[in-house]
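Okay, got some structures for you below.
Below, chain A partners chain B and then partners chain C, in two separate complexes.
Entry: the complex of A and B
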């Protein structure tokens, strides 16, 4: 589209503006204790229906979850993991978006950290001295 | 819908003219309040005519360092515009179609690049 004239600014909105790529994607996620949980690999919305005409006045889709999962392979070779393989952190659990994304809940109970918990409990804990802080 | 599927998709106007690709999606946190943050609703899509995605977002901020990156990236993303949700007629797996008479807004954020 040719745009020789400067474009009009966006009408003012009441809330904070977040651009998905700039402010959310690939950001580190910390739980309410400041412990790293994961990074944001993708985002999930509650609509709209794909390949279907959107009726005028339809309510805007809302961000429902931050997604994380095994995306290394698909980042290199393209595509994305199936939706069922992605782990969801509900938007309700997000407390703040800044340099990092802070959750208002503990990361210990989130599915997003299961690999790290499994390695801690099954491998690290069995190494002599692996059950306490280094002295 | 998973947002990653939408990024990079071609955008057409109602007459079928190609306008660019979806470079980003803008949300505004002004929905019904929740315990921690309010709902973030989709405000619109940033469309870039010359690139499939946006890199570092220099075309949306007033940052001018480090030379010469901002200048190069602004040129790469020249002509980017924001189209509001109300002007989107259809979102598909392969394309996004806008309504007739849609308005192209400036994609600029404020100086801090946050809102």
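Entry: the complex of A and C
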């Protein structure tokens, strides 16, 4: 993103300030029952496209979703997956950010859980004792 | 009273669980070639594992985060993935070695070739992981592993010259027939065997499995600070037995039967029966711990659901990963590779990977966001920094020494 003039200072905001790198990236995500869903592999912001000029007074980018899936590979090895391949957890679903990120919804219906559900339904649950509760 | 019993059980389990195939083989090899002159390394290693196991247990109890979640978060995905690859491969090697160890112990007990026992051993490991409750799994293998005390009994019955044993241990010197690089190579192997990273992954994940809270920290501290040093004494007894029987006879240990030979000589048939049970329990227990650790590291890095406190269906990828690891271990052993050799390499590679595991734990144990008031005190940090230097030196020296000595031959 290029600008002609220095950006305006960050306006004062109410509440907690989160550092994306420190408090969001690579944090464990739990659903509302405390079951791990995934780790935050990347973040999605809405805002101006890359390499476009930002007009003065443009609204600040807003965090729209936590990303997971193939984006981890491209974050490590470089490149960018097509946006259709991104698995999103919308920011509205986030209930709390602490040393873990808690969602206010069940992981059962999230796109981020499809691999887990597939392996569960096709393999693990079919082995005898797969649904046995150890406690 | 119940609390006291819990502490006693925890300590006994820690003693029995401390020794694995790596400790058995490395200590016997070292005893048979260097006498007691490397006992100091066991002491250094035991203090180190106490320090860092305690720290990772405290992180898990205070924050509910297990070690590899913390590693990914602090190192980022790139360094985290490099770390995961190294730790996971070494862990897989250890799984292979432990299953081979179970099979070798079964061969000694039954005279049926160990290759036939390998599928049995792997299936048994999987069944326990699939079905048995975590605490039962821990306690049974730990308590049965206690029979390894027979190494200490045998050492007494062998009536060694205690003065010369103590002399070797207290004034270490490289024996005349060995070279200095070989001596240091085995020092690193012994250090790696005592401080194997999987113990920390397992310990911290186990704390989450058992739902430790801050109030359980006292008990965990007793388990570690009493149990591990006593487990270290077992290691020393194994080396002592080898030093008394095998060193004078000029036998350098290359097989599991030679590891337990001194027990048969010192404590007879009964001793032999005990040591076979002990070796089986210790290697089987460690096979469970390492297999679980492979699942833990992968699941925690990628944020999958994990844990034996969930049914397998609720932690599907975790269980599938462990099944695949066991199958890979099985395939490696089926090639006929010597499990003792795999063990000897796995402990040295463990030593190489040590800094990868221990540095992130130290960083997080100092982070008040995770730890609140339970951050490291200054004495712990000073000790940990000293150990980090030792670990780094051992890690850097391992590969050159391996090349120079031809892997200790």
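Note that in this section the second predicted complex is superposed on the first by the 114 of 135 C-alpha atoms of A that agree within 3 Å, B and C clash if a C-alpha of one lies under 4 Å from a C-alpha of the other, contacts with A are read in each partner's own complex, and residues count from 1 in each chain.
One rule holds in what follows: a contact is a pair of C-beta atoms (placed from the backbone, for glycine too) under 8 Å apart; a residue touches a chain by one contact, two chains touch by 3 or more.
Every value quoted in this text rests on a predicted model; they were computed, and no experiment measured them.
Participant: After the alignment on chain A, I want to confirm one thing: do chain B and chain C clash, or do they fit together?
Facilitator: fit
Participant: Tell me which partner touches more residues of chain A in the superposed arrangement, chain B or chain C.
Facilitator: B
Participant: By the touch definition at the top of the document, which applies to A:18: first (chain B), second (chain C), both, or neither?
Facilitator: first
Participant: Which partner does A:61 contact after superposing on A: first (chain B), second (chain C), both, neither?
Facilitator: First partner only.
Participant: Classify the contacts of A:80 with the two partner chains as first (chain B alone), second (chain C alone), both, or neither.
Facilitator: It touches chain B, and chain C stays clear.
Participant: Just the number, please: smallest Cα separation between chain B and chain C in the overlaid arrangement, in Å.
Facilitator: Least C-alpha distance: 6 Å.
Participant: Give me the intersection of chain A's contacts with chain B and its contacts with chain C, in residue numbers.
Facilitator: Looking at chain A, the two contact sets intersect at 41.
Participant: Which stretch or stretches of chain A touch chain C in the complex?
Facilitator: Listed in rising order, the residues are 25-29, 35-39, 41, 68, 72, 75-76, 99-100, 115-117, 119-120, 123-125, 127, 129-135.
Participant: If you look only at chain B, which of its residues touch chain A in the complex?
Facilitator: 1-5, 7, 19-20, 23-31, 34-44, 46, 49, 53-54, 57, 60, 79, 81-82, 84-86, 88-93, 99, 103-109, 113-115
Participant: Give the list of chain C residues in touch with chain A in this complex.
Facilitator: 63-65, 69, 72-73, 76-78, 80-81, 130-134, 299, 301-306, 308-314, 316-317, 319-320, 369-370
Participant: Chain B touches which residues of chain A in the complex?
Facilitator: 1-3, 6-11, 13-23, 41-48, 50-54, 56-57, 59-63, 67, 80, 83, 86, 91-97, 104
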